[in-house]
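The same subunit A turns up in both complexes below, where it pairs with subunit B and then with subunit C.
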Partner chain A sequence: MKTLSRENLNLWLDGLAAQQSLIAPHLEAQGVFYRPVQRAQEIAWEADRPALSAKEFLFPPSERLLKVEKRGPDIRLEVSPSAAPQAIFGLRPCDARGIRVMDAAFLETPPIDSQYASRRENTLLLGLACRSMGASCFCTIMGLAPDDPRDMDVMFTDRGPTLAVQALTPRGEALLAGLPIVEEPGEVEPASRREVGGLPTAEAWKESFGDARWAKHGERCLSCRLCAYVCPTCRCYDVRDEALPSPPGEAHFERLRAWDSCTREGYRLTAGGHNPRAAAGSRLRNRLLCKFVYYPHQYGPAACTGCGRCLDACPVNLDLLEIGGALQEAAQ
Partner chain B sequence: MSTADGADPMYPLLGRLVSSRDMGREIKLLGVKLLNGTQPPFPAYAPGQFAFLSAFGIGEAPFGLASTTERGEVLEFAVQRLGSVTTGLHELAEGDALGVRGPLGNTFPMEAFQHKNLLVLGGGIGGAPLRPVIHSVLDHRQDYGQLTILWAARHPSLLIFRDEYESWRAAPHTELHLTVDEADAAWDHHVGLMTDLVRQVAPSAANTVAITCGPPIMIYHVDKLLSELGFAPEQRYVTLEARMHCGLGKCGRCNMGELLVCRDGPVFSMAQVGNFLESYL
Partner chain C sequence: MSISETMQSTARDLLISGQVQRVIGFEASPRGRVRPAIIDRPEEAERLVWSADCTHNLTVYLQRALNRDNGHASREPATPPARVAIVVKPCDSRAINVLLAEHQFSREQVFAIGMACEGIRQGAPASAPEATLQERCLRCRERVPVVHDVLLGEPPSALPEALPDEALAHVRGLPPAERAAFWLNQFDRCIRCYACRQTCPMCNCPTCLFEQEDALWVGMRIAPSEKRAFHLGRALHLAGRCVGCNECERVCPMGIPIGLLNRHLAETVESLYGHRAGMQAVLSPVTGMLSAEESAP
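Let's look at the complex of A and B:
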């Protein structure tokens, strides 16, 4: 295995932070979050996966699509500038997969979403293996592992005084060139795994459409959308125009897009105000079936990484594993 | 977003409102011409497709294209004032600038419809995306069989394209049947729901394709009735809608099961969406 001393890694990260935005797990008042850091010393090393995913750095909660300037009868449209380079260090496998899942919709299915593409091209994914699975983690069900290096540019595994390092992409290889990397005998020790239940097959999820339990789950669901906002793959969005301060005689606006979720009550309204998903249960069903049936049908990958954040976030303890587990039992 | 030619399909083309005509109560027919300049022209489009209109500063919403490429370069949209964007579009004066994005979505398979009888069922503002079908048939009358138009609204003041009914009726092998839920003093046609009219006209399913657009509840019950009249799922077409935000298969707003109205539709046959129709209600 290839290793890098912690001291050299920190020096390298300090150098990266000087050149571009460096995002890494950081201890905040309410937990550990991916945040811009100035120096390697600020990184929270001991944490489990951060409380929120890294989604916001590729697909921000709110972003400008367009600026509109009206001057009398004339209208000028201005597109947003391209993204600045950034590196995400300490990225967990579930969150790298989340980015990979968004890639499938925004990059790999035409047309390309240019704002997402600009951020993605300018973002380095520097992974850090989880040592074990957290209390609500179920990445192994989704075909991942706590130390899964796929979807990363570079993967690090913390071994105390040294870190094992593996480049996964040409970009990652170029990044590591010139670093004092040492070849050590032996293999990287795999992360510990925990036995977690199972989830239904895509077919069984699909067949659950008429299951009466969705209405029961709907009685609990508050349609608060927390599950979607903490989800590394939920990528639905709303678009609206907002007024900006304008000089006299002019009117300036921006067209924004912002995170939205299919569990929101008015999400699926049609033009006349009709709501095909007026019941909370039908919206919850749509969100989960999207993860395992609709999203794979449209874009390829399943839209769940097993990060378990929706389990932690739900104020009424609706649990994807419980809901899915019951359906799986019924299907057998 | 960008396409192969580098253009960003979320970036609207600038157009000017060249006409804004009252068609019914709170319903206007908007005529839009794209501005010349550096922008690419609006591509050729086909019946069934839609486009987004921007009332800048208020927002953007999708509308079925109510015109055909063949009849001229002015893009026409029938817009009923229902929310903030449609109000913004209604308040634009002729000559004002607006944004246009499109054409988007799939099309009615007009070639496959050739030499077939067509049954066109439009309810309220839902008739707008069906007008290009009617115009295409009338402009190539010999290519299609009998054209039967069933046109409905809640009230006579909400009927759209009234000034064209005479020319529709005058075309060979073409019938127009009208109904309203609630008549006024001047009304001398059928009174009742679209389903009553379908029962009365009792169209034959033989070599016929039905095309329906209207409010979800109408689509659902009309479709059930057509099925009873012997129309197979493959003979029953609908065009659906949602308050979508991109029209490009990204924003997620318009899914119907695993299908996206914007990318897989808005035109569907019941063979594709029949199972979902109940959940669309």
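Let's look at the complex of A and C:
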């Protein structure tokens, strides 16, 4: 295995932060969040997975797609500039997989989302293996592992005074070139895994469409968007044109997009006022079936990474594993 | 009989006798937390529990349960129950009074199962027996719900000394510029997930001001000026209406001290008007209709 001393890693991270935006788990009064840091010293090494995923750095909560400036008969369109380079360090495997899942819709299925593509191209994914799985983690059901390196550019495993380091992409290889990396005998010790009860197959999820339990779950659901906003793969957005302050004689507008979620009441509202997903249970069903049926059908991967954030965050303890587990039992 | 068993038999009797068609209470989740339970059949009553972890304010479900046509078409099946029983703590029961004053349903539609409350514990899991009471409960002096049709449990005869609101005193004591900076920094953490609004029994507008399709008042951006407008606007809309259940703050994924802002307004309204939200079924003195003025030329 290849290792790097903690001291050298910190020096390298400090150097990286001086060149580009470095994002890493950061301890705040309200918990641990992925945040831009100035120095390696600010990184929360011992933390569990951060409260929110890292998706906001590739798919920000809101962003301008286009600016329109109208001066008399002249209309000027201004596309947003391309993204600046950034590196996400301490990325957890579930969150890196979340980015891979977003790639499937934004990059690998035409039309390519140029804003996402620009950020993705300019973002380094520097993983840090989880030592074990948290109480609500279920990444192993989703085919991941707490130390899964597959979606990273570089994967680090904390071993105390040294870290094991593994480059997984040419970009990762290039990044590590010139670092005082030591070849040590032996293999990296795998993280402890916990097998979690199963979820239904895509087919069984699909067949649950008419199941009466969705309505019961919907009675409890508050129709907020917390589950979707903490989720590393929920990537629905709304697009709107909004007026901007304009100089006299001119009219400025922006086309912007912002996070949205199928759990909110008006998500499927159509012109004329019809809402085919008016019931909370039907929207909750949409969110879960999207993860396990609709998204895989359309884009390939399942849109769940087993991070377990929705289990922890739901104000009324709606629980994907409980809902899925009951459906699986019924299907057997 | 334990208090949970008493609650179960109360709920069962109400459903069997047909006095109510639905009971909104609490149950244990598979992860050891307590969560809302909505039951329609007597045999489901055995799921109900009562403990010092029953933190949710269930009155948020009342309007949805009783009125199909209020814009919140969130419920299946299509026939609304005529009368609903609901488990309420003293703080929650005040929300019923506010909603009654605002004509959201009638008193006859609600059967309130009041709980004599000695406070709710911090944190969700019941696995921590040493857990202390939530701060709001240490400040609370109410042990009996102001609205109840039956009272379960024994209210304690002696009340402990209520804790002064040091956090509120501190933030009120800051110089204006520092106070503004404190709040703006808090609001800027918001991700506009609307969990605070959706969990609030008082946030019952069919279409929220901050989510109009036309963006006339507040745009769609999840950015500082919109977040500030949302939190300040929501706080003002709750002035004299907020009962202090603190659900908004509990559910916030970003740890914004929303309850602190609500307490500031509640105290201001009380000191100016002598009004405490929901102690009786009367409207807030600071939110209401321009009844006479509306019909003037």
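The rule is simple: the second predicted complex is superposed on the first by the 332 of 332 C-alpha atoms of A that agree within 3 Å, B and C clash if a C-alpha of one lies under 4 Å from a C-alpha of the other, contacts with A are read in each partner's own complex, and residues count from 1 in each chain.
Here, a contact is a pair of C-beta atoms (placed from the backbone, for glycine too) under 8 Å apart; a residue touches a chain by one contact, two chains touch by 3 or more.
Nothing here was measured: the structure is a model prediction, and the numbers come from that model.
After superposition on subunit A, the partners subunit B and subunit C are accommodated together without colliding. When both complexes are overlaid on chain A, the residue A:84 reaches neither subunit B nor subunit C. Of the two partner chains placed by the overlay, subunit B and subunit C both lie in contact with A:238.
Once the two complexes are overlaid on the shared chain, A:29 sits against subunit C while remaining clear of subunit B. In the superposed pair of complexes, A:330 makes contact with neither subunit B nor subunit C. In the superposition on chain A, A:297 makes contact with subunit B only, while subunit C stays out of contact range. Within the superposed three-chain model, A:222 lies in touch with subunit C and out of touch with subunit B [touch as defined at top]. Contacts of A:270 after superposition: subunit B is touched, whereas subunit C is not reached.
By the touch criterion stated above, A:279 is placed in contact with subunit C alone, subunit B being left untouched. The superposed arrangement places subunit B and subunit C with a least CA-CA distance of 6 Å. Residues 238, 240, 282 of subunit A are contacted both by subunit B in one complex and by subunit C in the other. The residues of subunit C lying in touch with subunit A in their complex are 29-31, 33, 35-38, 56, 60-61, 72-77, 189, 191-195, 197-199, 211, 215, 219-223, 247, 250-251, 253-256. Touching subunit B in their complex are the following residues of subunit A: 65-66, 68, 70, 73-75, 77, 79, 105-106, 109-114, 117, 209, 235-241, 243, 251, 253, 255, 257, 260, 262, 267-274, 276-277, 282, 286, 289-290, 293-294, 297-298. On subunit A, the positions that touch subunit C within their shared complex are 29-31, 51-52, 61-62, 136, 215-216, 218-226, 228-230, 238, 240, 242, 256, 258-259, 264-266, 275, 278-282, 311, 313, 315-317, 319, 322.
The touching residues of subunit B, when paired with subunit A in their complex, are 1-3, 8-12, 14, 54, 56-61, 80, 82, 95-97, 99, 124-125, 215-217, 241-243, 245-246, 248-258, 260, 263, 279-281.
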